[in-house]
Every structure is written in C-alpha cells, then in structure tokens.
C-alpha cells in the first residue's frame, strides 16, 4: 500500500508505529496504574472496533491497543475524548483542553505506581493519590520524563529504573515502655531490611544512619511499640533507566522529604528541562538531561525555590554506575561533530 | 442514680474528677496502626470525654493500666534493691464488661496463685475503679456470651454515649456528690445478649482424652500459620505472663532497674532455660499450650471460669488471620469425636 | 504495703570451690531453714535472677553449685570470697524424707543433676540409720565434668555407689550411660524402697523408663524438674505445665504426677 504518514506526529499523539505499514498501537494513560474497572469497556470497544481485538498491558501501565489502522485514528481520538476527560481532568485535575484530537503529547510518560497503601500491607504511602498529583504537574508536557512511585522500599514499582523514582518511606517512632524485648523487629529488620536494630539492656537500639524507612518493624511489633510518624516521607531516586547504551540503576537524590517538597521538586521539572534543552523539547529522557546538565546544575535548578523540610537529606554528589554495553562508551570525539 | 449529661457538662465534671483520679480510656492514635494510614486504639490518659473511643473495640486491652508493659520493680545499687515508687493517685478506667471479667482473671493469677499476693499488681489494682462502657451490638470477633462474660455488676460508673450527650449510672456512692445537681435519668446499662459468633468450649472428660488432645494433628496446622509473634497475647486482657530482668543505667553497670516486661507463651524462648534447652519447640505446641491455658488449665486449677473472656482482641490483632474462636470451635469438634470414641471403647452406649 | 516477695537480700560468700572448669560451688553465709531439693532465686545487680538449687545445707551456710550457662551464672563466676550476692528463697517443695524413712533408697543422678541431690546424700551420709540402704548411681559426660570428686569418694565408702562416664572408664568410674547401670540395682531384694532421679530432661525420661522396665512401680519414683523460671512464686507463668506450676508444686514430683505433665 502506498502510505504517506507523518509517524512522528502520530507518536506525539500516543500512536506507536507498527511493523505492519499503516497500523499503529494506541497507548492510553492510566496514572498510578489505576482506573475504574468500567473503563475496560472503553478499552474493549476500541480494540474490537478499530484494533485487532488484543490488549497489551503496557510496560508503563498503559492500556496498549495494537492493530489500529491509520484511517481510523481520527475516530479513535474522538472516542477517547470522554476517557481523557474523566481520567486526566476529572481524576487528576490536569490542566488541559480536551478535544477530538486525542492525547496532546507523549512527552511526560504515564506515571507508574504500585498499588500502595490502599491495599498493600507493606506500603507506607497512598501511591495513587500521589500519582494523580504528579500527573497534574507534568502532563501535558513535551519534555520527556518517566516517573514511578513505589509504596515502600521493596520497590515493586521499579522506581530505581526511572528518571524520577519515588519511594514511600516512614520515620519510625519507638515507645520505650511498650517494648517487650521480643526481638521480632530485630529479626525482621535483619531479614527484610538493613539490620539496624539490636537489643541492648532489654530494649531496642537503632543505628539510625541506615534505616531505609520500610516500617517492617512496625508491621511485626506485637505491642505497637514501633509506629510510623503520621507525616509521610519520600525518597527520590534519579537517573535510572534501561536502554541499549548505558542502562543504570537510579541513585538517591533526596531522602526523607515531605510531600510538599517532593511536589515542589517535580514542579521544577519542566523549567529545568527547558533550560537544558534551550526551550526545544527533544526525544530525550530526563536522565539524559541530568547527564547533560551535570548533577550540580541539576540540583541547583530542581531545588530552585524549594524549601526543604528539616528531616530532608540531599545527595552531595552522585556516582553513576552504568552498565556499559560497550566499554569506553564515555570516551567520545570532541572535535569534528556538530 | 443515673444522669443525663451533655458532653461539655461531663467534661466539666471530668475536670473535677481529674483532681483526685487519673483517668484512662481507649484513645485514638491517628495513623499509628500496624499498617499505613490505619489508626491505633489503645489506653491512655484522657482529658476530655471526647477523647474516648467508645464505638470501636480497642486494639489493646485495659490491662496495661494495672499490669504495665514495662514496670520497674526495684532500683538497685551494688548494695541494695530498693522498691520502686508508685503514683498513689486512684485510677478510673473505662472498660467493657468482658474487660472487667478479664481483670478478675488477672486478680486470680496475681493475687491468689502461690502463697502470697504480687505486691506490684496489688498496689495498682487496689486503686482502680471501673467505668463500664456499653457495647451496643458488640463486634464481629466478640464471643463474650459464649464465655459468660457479657454481663457484670462490678463497676463504679456505667456510661452510654449518645451523640452530644451521655447517660451515666452512678453506683459508687463516693461519686454521688459530684453529680448532685445534674439532671437525673432512667438509665441502667444494657449488655450484649447475643454475639454474631458462637463458640463451643471443649469438654475434655478424661485424662485419656486430654492426652489425645495434646496429640491432635490440628496443632501442627499452626506450625506454618502462626508466626509466634505474640500479638495475640499482647492484646489479650487476661494474659498475665512476664519476664524479669535487670537493666543498668550507667556504663559501669553498678546501678539500675530490676523490671518486669510482658512475656508471651507463643514466643519461642518462653520455656528456654539458661543453657538453651527449651520445652515447647514448635509454633503448634505453643498454640496448643496457649489454647488449653485459656480454656482448660486455668479452670482445672482454680475452678469456676475459663481464663479467656471472649473479647476477641487476639483475633483482631493476629497478622496471620488466625481466629481464636475458630480454633476453639475446631478443637471442640475434635474433643467431641474423642469423647465419643472413648465412650464407645468403654462400651457405654451413646 | 504488703511484704515484698520479690525483694532479694544480700548474703556474703564464704567460699568458692572450683568443681570443674564450668562449675563452681558457692558457699554462702545464710542461716535459713532449707529442705533438700529446694531452690533459691539468686541474683546479681544488673544481671538478673536465676533459679539455683541448693547443693549443700549447713547450720549457718548454704551451698549452690552453679554451671556457667546463662548471663547470671556467667557473672557469678567473677565473684570472690567476701563478695555479696543477692538471694530470695527458699522456693518449691523438697524430697520426701519422711517417705524415705526406714526404706531402701536409690538415687540416680546425671551431670549437673548431682547438685540437687548432694545435700540429700550428705544428710544420709551422716544419718544412714534413717534408711535401710542407699544405692547411688552418678553419671558424667567425661572426666572433666566430674562434680564433687571428694564427696563421691566419701559416698562410695558408705553407700552402694556406681559412678560412670559416658564413653570411658577410669579408676573409680565405669563406662556407659546411667541407664545402662540401673539393672544392677537389686530392686527385687528390697522390701520397700524409693528411687530419686535427677538430671537433664532426656536422661530423666530414659532413666525412669529403665526403672519401670526393671519392675519399679511409678509411685516409687521421684524426679526433680528444671524449668525456665522468672518469679519462683507462681506469677510469671514461665514454669507452667498444664495446670501445674513447677515453682509452686515442684520441683520434686512423684512419677505418677510427672508423667502427666505434658509439655
């Protein structure tokens, strides 16, 4: 068939090119990985009417519907209007015009999250409501960024492999008089976390430096001697990614920040990207922008105007440990390239 | 006598009571629950009746007030053990009917078992008066009716909360003057007369059946289910066990406290002696011990009631979702079978 | 306030005898009336309390033979003559000397189980006329763990004694577990008799079974139980087996009761 299609334009519209010329896969956002189950009917309708009847559970928690013919994209976009209105505007309060043109951009990717404390016994935070707040801050933006939220340091959400990875942590409080020296917390911290607890003189002592804030100790304590401080805290990892060149696990940028601080930081993301890319959005993910700016510059921009809470810790410097698929990958010609 | 009081009026009177009493009641500790964004309801000193969580069952029992989790017994130096001090103020504590029965079980252990009363228990217990809180319909893990602990007359005051008002029965004459000018009402507390749960108690009729109960495969099922965490015994109003140890204040260890902290028969070190030999090694064996302790041994030793009062807090708190009521019903089914087998073997027709 | 049953009193250590590398006997100046088989809660400030049975009773002293196994006992080993230790007691019941009177007595002890019967044996050493005969079997793991060597020599002169080491024979000691020697006791020749068994839980169980095999009836067997104890006065719950509190009704049990204590 003789196609003449601007695939870049469709990509921005969240339709991904297929190996079958003229076919595309739609990626529907689901911030925090949660939507009302009733939207499965919407997904099914699109797949059955315009797609090939299949649904792929997208790697970033999107509903991905393959096999959509180019000529049907207009109809699909029109049909999507209600979904976008309800999921983006009504649920996340995203500031955008919803029209018959479908998704306005693919830049900021679907914000991923594990189920969080609405269900999980290990979680420390409400990942879904946080995902929705973050969606509002980054979408729609043409600057590319991947973010994921984990309810606890188990990191089922793979926050470690995102440009911005958010981990819900808890400041633990110990009630000396309630402790019965059973050592359940000591054993659990050793087997599940960082082995920072020990029994001394019939009570617990903690090596505070290395507590990961998982709250396993509170979960197992029979008397409620360990409890979470009601304020929620977050750890922010940056620069994690997969990829063909130099994938790497993210590094801790912020520790023990409050939600207010976290959202202020995310709120600075677009300005930082614009600064690095000279206000010209490119298909480059956040981690690369941090690399381009250098950590010092990144830190300066992203913390601009942010008032850190007293508990907050900020990484002084970062030591990336990339998986170099090709050694000397950082050694590049300096002259003769544009 | 009974009275109808607004919550604000009650607070004024409470303020007066606080001049002579320390007042404990179940309170809400927001977001301090076991899981994220869950609350913890436990006993603490209240300042207002509005602090009282009356429409939920507390996670921990009022025994903490009389049998503290950690209690200093002596202050020691190289030369002497000096008895710890105690706050002499009398205590008023808001409790459920089952709790009052539960504390009577503690009385049996601490005041009657052995040759002499436990002085530390007695010195707190002697100052305690109860304010009975009505249970309404009760809760889904309660089985007080099966245990015969749903009613009691052993209280000083009784209260029903009704929105911005409360009804208060004043039984203890020493409180009458305080309420002399209040609006009277016709109020007697109502007790739960049926629970959603019914528990059948095991009727172990012979030594032989008891031995077979010990050998039931039922207990082994807890080897994989029970974590031996002791959350059930910590929540239990009638669990009394403790461990005594010394704690040094200073680096040189020459002065410090001898204190007792709660112990649990579910913990794996409960029977372990210096040198490492222990007697109940598996979670199932410990579960069997606890279960029989609660519904057989205590009655066998002291006569009268069982130790368990059916408050259901152990079930509420078990992170493994082990229901004590279900455990008891399962056990009773097995005991019925063993009793029938024993009867058949001796030729007695059933 | 009521008398404080938990309050320990200080006592002076008059002497310390090193029985083995791991076991010392502490002689304490104390004029307390104690029966054979009873125990004390011995404590050291900062370390805590431990139940220790009495191994020797004098008019104004008591002896405790202590094995270095727990925190308390470990610390005890650094004490010297003239130092103080704190105690409360005595607790528990004792061996039924009235029941033993005029009859033959068999005492079977293993390892540290020799301590709780030592005062009983010393008593009959001085008052052999109270009973008809005394047969004593004592077993130790090896030559390094033999307790009360001098006493054993004395006892051998007055009692029918069999001493044994688990795996070797040396002068004065045969080889084998205590259970292997029980059949040598002339039970059939006794008119009326009692058997006392004290030692580690497993040893006591097998020794009792071996006695039964040799025709000893359950009523004649007495055992002394060891338990984890925190209070010794029936409050802490640690020593409870079924409806029985070892600190109150024990530590000495007739076998008819002991066999009913199901852990």
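A, B and C label the chains in the order they appear, each numbered from 1.
The working rule: contacts are C-beta pairs under 8 Å (C-beta built on N, C-alpha and C of every residue); 3 or more make two chains touch, one makes a residue touch a chain.
Predicted, not measured: the structure shown is a model, and the values here were computed from it.
Taken as a contact graph, the chains are arranged in an open line, each linked only to its neighbours along the path. Chain pairs B-C and A-B differ in how many C-beta pairs they share in contact, with the greater number at B-C. The innermost chain, defined by the distance from its C-alpha mean to the mean of all protein C-alpha atoms, is B. Separation between the centroids of subunit A and subunit C, computed from CA atoms only, is 68 Å. Centre to centre, using the average C-alpha position, subunit B and subunit C are separated by 38 Å. Averaging Cα coordinates per chain places subunit A and subunit B 46 Å apart.
Residue numbers of subunit B whose C-beta contacts span two or more other chains: 243, 245, 247-248, 263.
Of all residues in subunit C, none touches two or more other chains. On the side of subunit A, the complex with subunit B involves touching residues 117, 121, 123-126, 151, 168, 170, 176-182, 184, 201-203, 215, 218-224, 227-228, 230. Of all the residues in subunit B, the ones that touch subunit A in their complex are 29-37, 40, 42, 59-60, 68-70, 227, 229-231, 233-234, 243, 245, 247-248, 259, 261-264, 267, 317, 319. The touching residues of subunit B, counted against subunit C in their complex, run 73-74, 76-81, 83, 109-110, 113-123, 207, 210-211, 214, 240-248, 253-256, 258, 260, 263, 265, 270-280, 285, 289, 292-293, 296-298, 300-301. Contacts from subunit C toward subunit B in the complex involve residues 1-8, 10, 43-50, 67, 69-73, 84, 86, 200-201, 226-228, 230-231, 233-238, 240-245, 247-248, 260, 262-263.
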